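Questions regarding the structure given below will be posed in turn.
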Amino acid sequence: MTSIKGFFRGKAAIQPIWLFVIAIFIFFSFMSEYFLSLGNITNILVQTSTIGLIALGMTYVMINGNIDLSVGAILGLAASLAVGLQDHGLTIAIIAALASGMLLGALNGLVVWKTGVNAFIVTLGAMLGIRGLIFLYTGEQSFYSMNFAFADFGASTIGPIPVLAIIFLLCTLVMHLVLTRTGHGRNTFAVGGNPEASIDAGIRLGRHMMINFIIVGFFAALAGVLLASQMGAATPNLGRDYELWTITAVVLGGTKLTGGYGSITGTLGGVLAIGILRNGMNLMQVPAFYVLVVLGVILISVLIIDKKLNVPSTKEVRI
Amino acid sequence: MNPVQAITGRQPIDAEPILKLEGITKRFPGVVALNKVDFDVRPGEVHALLGENGAGKSTLMKVLAGKHQANEGRIILGGEEMEFENPKHAKRAGVVLIHQEQSLVPEMTVAENIYLGSLPKKWGNRVDWRRLREDTNRILETLKCSFQHDDLVGSLSIAKKQMVEIARALVFTPRVVVFDEPTASLTDHEKPVLYDVIQSLCEQGVGIVYISHRMDEIFHLSHRISVLRDGEYTGTVNTCSTNEDEVTRMMIGRSLELDHASKPSEFGENMLELRNLSVKRLFTDVSLNVRRGEIIGMYGLVGAGRSEVAETIFGLRSPSGGEILLDGEVVNFRNSHDAVVAGIALVPEDRKDQGLILGMNCRDNMTLAGLKTVSTMGFMKRADERAVYDKYHQAMKIKTPSWRQKVGNLSGGNQQKIVIGKWLHTHPKLLILDEPTRGIDVGSKAEIHALVKDLAKSGYAVLVISSEMPEVLGLSNRIIAMYDGRVTAEFDGDSVSEDELVQAITGMGTPTPAAAVIG
Amino acid sequence: MAINNTLKMSVLAASVFVASTTVAYAENSYRIGITQNNVGVDSYQTTYERAFVEAAEAAGNIDIVVLDAGGDVARQIGQMQDLVQQQVDAIIIWPTNGQAVIPAIRQANNAGIPVVVTNSKIADAGMDFIAAFSGPDNVEQGSSSAEMMCDALGGEGQIVQISGQPGYTTAIERAAGFEERLAELCPGVELMETQPGNWNRERAQRVMEDFLTKYDRIDGVYSGDDNMGVGALNAAKDAGRAGDIVFIGATNFAVGYDAIARGEYYGSIYQSPVDDAHAALQTALDVLAGEDVPKLNFFETPKITAENLEEFDRPVF
Amino acid sequence: MASAEQTKQPVLKGRVSRAGILGFLSAQGILVFFLLSMFVFSLFSEQFLSQSNIMTVVRQASIIGIIAVGVTVVIIGGNLDLSVGSMLSFATVLVVDLHDKIGPMNAILVMFALTLLLGAVNGFLVGLMRLNSLIVTLAMLSVIQGLVLIYSGGQNVDIANQGGTWFAFFGRGYVLGIAVPVLLFGLLAILVQCLMSYTGYGRRIFAVGGNPMAAVYSGIRKNWCVFSTYLISAFCVACAALVLGSRVMGSQNNVGQGYELLVLAGIILGGTSLLGGAGSIWKTVIGVLILGFIQNGLLLMGYPYYTQWIVTWVIIILAVWLDLANKRKRLLTTHS
């Protein structure tokens, strides 16, 4: 028993972000009569699934010590492809959309791998460029799906639970298990925690990072396809600013920007925190302008609290 | 008491070498790092490899362990010629390099670190935790480790981390293990554990390559000694039939003597006085004084609170009790800047992280602590800066091609001299040196020791923190011993015995009252 | 302020007057949700929101839920779901995109909540799911602008167009209406190039600067709204070529109104966000009252030039 | 950077050999690329190299450029500033709105004061609280955008009397035939470049960005150094707002949206690494100009505006790759 517990030490303990999620959950339950209902909670799950899916991949990339700013653009491109290519068949369209995400992820990973340049720079460029590709492909137009099966899928439910929420939760579970149980997952921590040692241990660093960029590309594309199915359409501006919210969610979840530390459970908490805040403030009719301020202030507060909680004050010199 | 004291040369082992390196040449663009070097290790033997920094020891070992590939030469392991493409490849063949720098992942468990890159798998890519646990426990048992397989490595002490590194070497039944400066970050009482491990590896017939700067260790452990100088192989001797002088000569081409007699002897007023200085959870009631022209040695184990005392004096930590007096006046620094203004200089423990901006050139590093003195109205005066650089460059015989050289490209000794030069330029009242010669070759070490003594003689108050006994004994007028955050004793630097010192820093015996012996 | 507008604008006076009276004798209190496109991106939307809230408050027994999608389609869909979840009596949506919001509208429709689309139309495929549309006819606006352009240039000339945010229905419809009408009315006027100004004055100014460099002769500029039009005017003034160019916009902003008054700007389309908001609320209330409401409710958006300037109040935004 | 400049001296002074020229070319890759792209564009569009076009581009680039100068300092100090976009909206809305209410002079003063205050908040959180700059400025991006909207109530702001105010000078004026925004850009760039190269302050910022720990152990007040870089960044944003507000004579609430990314793209194109401790203002100036000329050149050639993004992407990848090849060579030759 102790050994099992030991392997998950530090992860078995409840993460601060979940305390926060529980707190705001209780808060909004009291503040709004509409908040606490199955319908609303599944709504939150569906609404967070887009950012949530990307955040799963982003967690891997960020534990690696990298970052991917191009996810919003990849999402937009995948959505446009998934709708725009439906003349050639729904399956082909979806496969092409997912493949585009993985391909662009691979490209990001390849450049980071071969040049060793900060992923921030590489993916910032990709973020601009891929958005350009979307406009080039769509001719600045929105696409509308003629295939109702596609839109119906986005709205379908299994029992009372929407399919999109189920997909999101399933992916979360799988990614959690991969991160904690498999060689690739454990190597993700090694690469972020001590790249030099990882190379010596025979982990192929560049290849490993590239796989994670492909993973985040895949999830961004998947999120794009699912979002498009929700709308039965795709717009060229889709996914703008999503990278910022994704990174915010992952950081709220406790993943370190410097790499080597993080978890999927934390990320799930971070995603839910943002989703619940947005939903709750909508229900409480907080004016849109104030929502921006509140979200920003909460993010900074969490950062400050995290700093105060996590740094053993005796170890660090006053700098 | 001191395990290092027993200096006994061992008889060489007579056996066919398990590993032979023949004519290894490694060229980097513009430089030949290794020129036709031969080296071999016999099973069950400790073969020490010596040389000054930059002589090519580490490069040779990296070639051996597959991190670099040689341009010429052969590696023969157990009679077969090998070509290692990467460290994992070498490891699988049984050649393991235990690194000078810690190569562990702090956020992972001991078990995961030991099996990094080769976690046992089942069902495809799924980690087999049970086997991992069992295998790890087996290795930890053979090493008699006091920590668990599921401890996070980040929470272990340096010595224990070192044991994890060694445990990692045992994953693939090793045939040759290379220790690169394994004791650099260990304290004297942690070393015997390491020696035991090496002993037991030898008994299993493993060949050991041991790289170190410490003569005492080498003579204690090794069977044979090989020396490299400037990338060239200078020879191999049997440990039992040689002495320190001969080995030193082989390394630097001349002999060295520790000059105990040249210690400073004229002291002035109290420059620094600590009165019951405390920082919560780090150290308590530390009292000491340093006079002008005096060298005080602070001796203790890593973690005894020595560096923390220095950092507190330097304004990097706020005291929770007691007071600091500088030149007779109570001072209260808000930050390191205040301390520098007040005339305190700290040569920190970790050169690369704390001492230098590696990407900056030599000159800029040199003037960094005293920018005000080389500028008017905030504008830098280039000529003055050059003058400052030239002055210390000459005074300390820093070997660099030009002031434009990035300090990251210099050897450890020269880097340390730049750090010291940086502080001399501020003309401090008190100079604190924290482990001033760690990881520095013998030649530079002696130069730095001489420099410190000269500085004291010219009126500086000097506080030297060290975990090397010869250094403390050779430099200090008085020695402050620390154990577990407290000052346990104060000794006269000339009359103290090594036994007394070891007792004081390991918490054995009754602590001598701090004021009992004043030199 | 709203009253002043209604007095001057005869066409709308009736309907808005009805709005206040209808509400006065409505027996039930209603809960109406509105999700807007992107409040704060320009004054039109902000003024719209303010007018909407004021009108609802004035009515007394209407409880409103005001949401803003911040220009993000996905967020708007989420807000639609939230409104359905709260079981409001009616939803007014200012679509961020004419097509992508259709499934969400359909969901609301399926849940038995009538949906009124305001300001910007949705695609035809969604028309079955909405109770009504209320707003300006943007195609018609584009045509009107083309007519003005034609008049101003006397049927000959080279012009450029600065369009709104790419992908947004309003921008697309205005451009389409303009281009179509221009081609049939004045084949002699050549539209040399179109670049988007993203409803942003500074960006439009930059686009115009590039046009001015690229084309030695520009006779006219059509901008998707006055905000961008004034940006184009600024650029032309800077280059000293404002006198040679006819500026025509849409959605008359205060700055555009002033520029027309100064004679620097030829004309625009008068479209009041206050009317827009009142019309939307009125339509929703009519639907809730069970009245037979036509699918498309356009409020009138007349041309405004220096000649009829006095007939209109200076816009408040 | 001072040191970089001086290291090149031997090359320039020495015999102009083939190797010297090649060395110069590879060291100044971005400059060469800049000239090359100018050449290509001039082949396709005759207006491209006309004086009026060049002045237009530089004037357009000056707003991004002015901000980029400030952000470069933050980056050299080892941090990021993503909040400049919102801050630009904030400052522009403020100065334009107050112009008619309290007069241009007071408006400018209040705007500078409040923008610097926002910079100080950034500086406080990143410098003194030592929080991660990426996340803090990301959060501030959102907070400041909210503040702008709350302040203006979402309304556009305009200056009523556009003809009769000296405020027009900053965005529309000319001095000696050069547009004031360009002058301001040049002046700030030179000033800040001098600050970074020739003063102790600049040296400290380089040290703090290069190795914050070692800077502290050298008695440098690191936290205040970081704090001050955000003030410089905010000051530059305020200057940009002056130009923007005066140029447009009005402002929308989201006028600065996306500027933070364009600013970063410009800095990256210039070749400043985001790791801190290295970089220079003149590189940033060139990067920003490249960005401006690509945009303009493609537009003149008749390509839709979004092609510039794709081209920017490709150039960033190429630049990154070229720079790497360069570094590899340099690293190997200095290896000992």
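In order of appearance the chains are A, B, C and D, and numbering begins at 1 in each one.
Basically, a residue touches a chain if its C-beta (ideal position, glycine included) is under 8 Å from a C-beta of that chain, and two chains touch if they have at least 3 such contacts.
Nothing here was measured: the structure is a model prediction, and the numbers come from that model.
Counting only chains that touch, the fewest steps needed to get from chain B to chain C is 2.
Ranked by how far their CA centres sit from the centre of chain A, the chains are topped by B.
By count of C-beta pairs in contact, A-D exceeds the other of the chain pairs C-D and A-D.
Chain C and chain D, compared by their mean Cα positions, are separated by 36 Å.
Chain centres here are Cα averages; for chain A and chain D they lie 30 Å apart.
Centroids of chain B and chain D (each the mean of its C-alpha atoms) stand 44 Å apart. Chain A has residues 135, 140, 288-289, 317, 319 in contact with two or more other chains.
Counting partners per residue, chain C has 39-40, 196 as the residues that reach two or more other chains. Across the assembly, chain D contributes residues 149, 154, 213, 216, 304 that each touch 2 or more other chains. All chain pairs in contact, by the document's touch criterion: A-B, A-C, A-D, B-D, C-D.
Per the touch definition, chain A reaches chain C in the complex via residues 34, 37, 39-40, 43, 46-47, 50, 135, 138, 140-144, 151, 154-155, 227, 230-238, 240-241, 278-279, 282-283, 285, 287-289. Residue ranges of chain D in contact with chain A, taken from their complex: 125, 129-132, 134-136, 138-143, 145-147, 149-150, 154, 212-213, 216, 222-223, 261, 264-265, 268, 273-275, 304, 306-310, 312-314, 316-317, 320-321, 323-324. Of all residues in chain D, those touching chain C in their complex are 45, 47, 50, 52-53, 56, 60, 149, 153-156, 158, 160, 172, 244, 247-255, 296, 299-300, 302, 304-305.
Remark: chain A residues 3, 6-7, 9-10, 181-184, 186-187, 189-190, 193-194, 196-203, 260-261, 314, 317-319 touch chain B in the complex. The part of chain C that touches chain D in the complex is made up of residues 39-43, 45-47, 49-50, 193, 195-196, 200-202, 205-206, 209-210, 212-214, 227, 230-231, 234, 238, 253-255, 258, 317.
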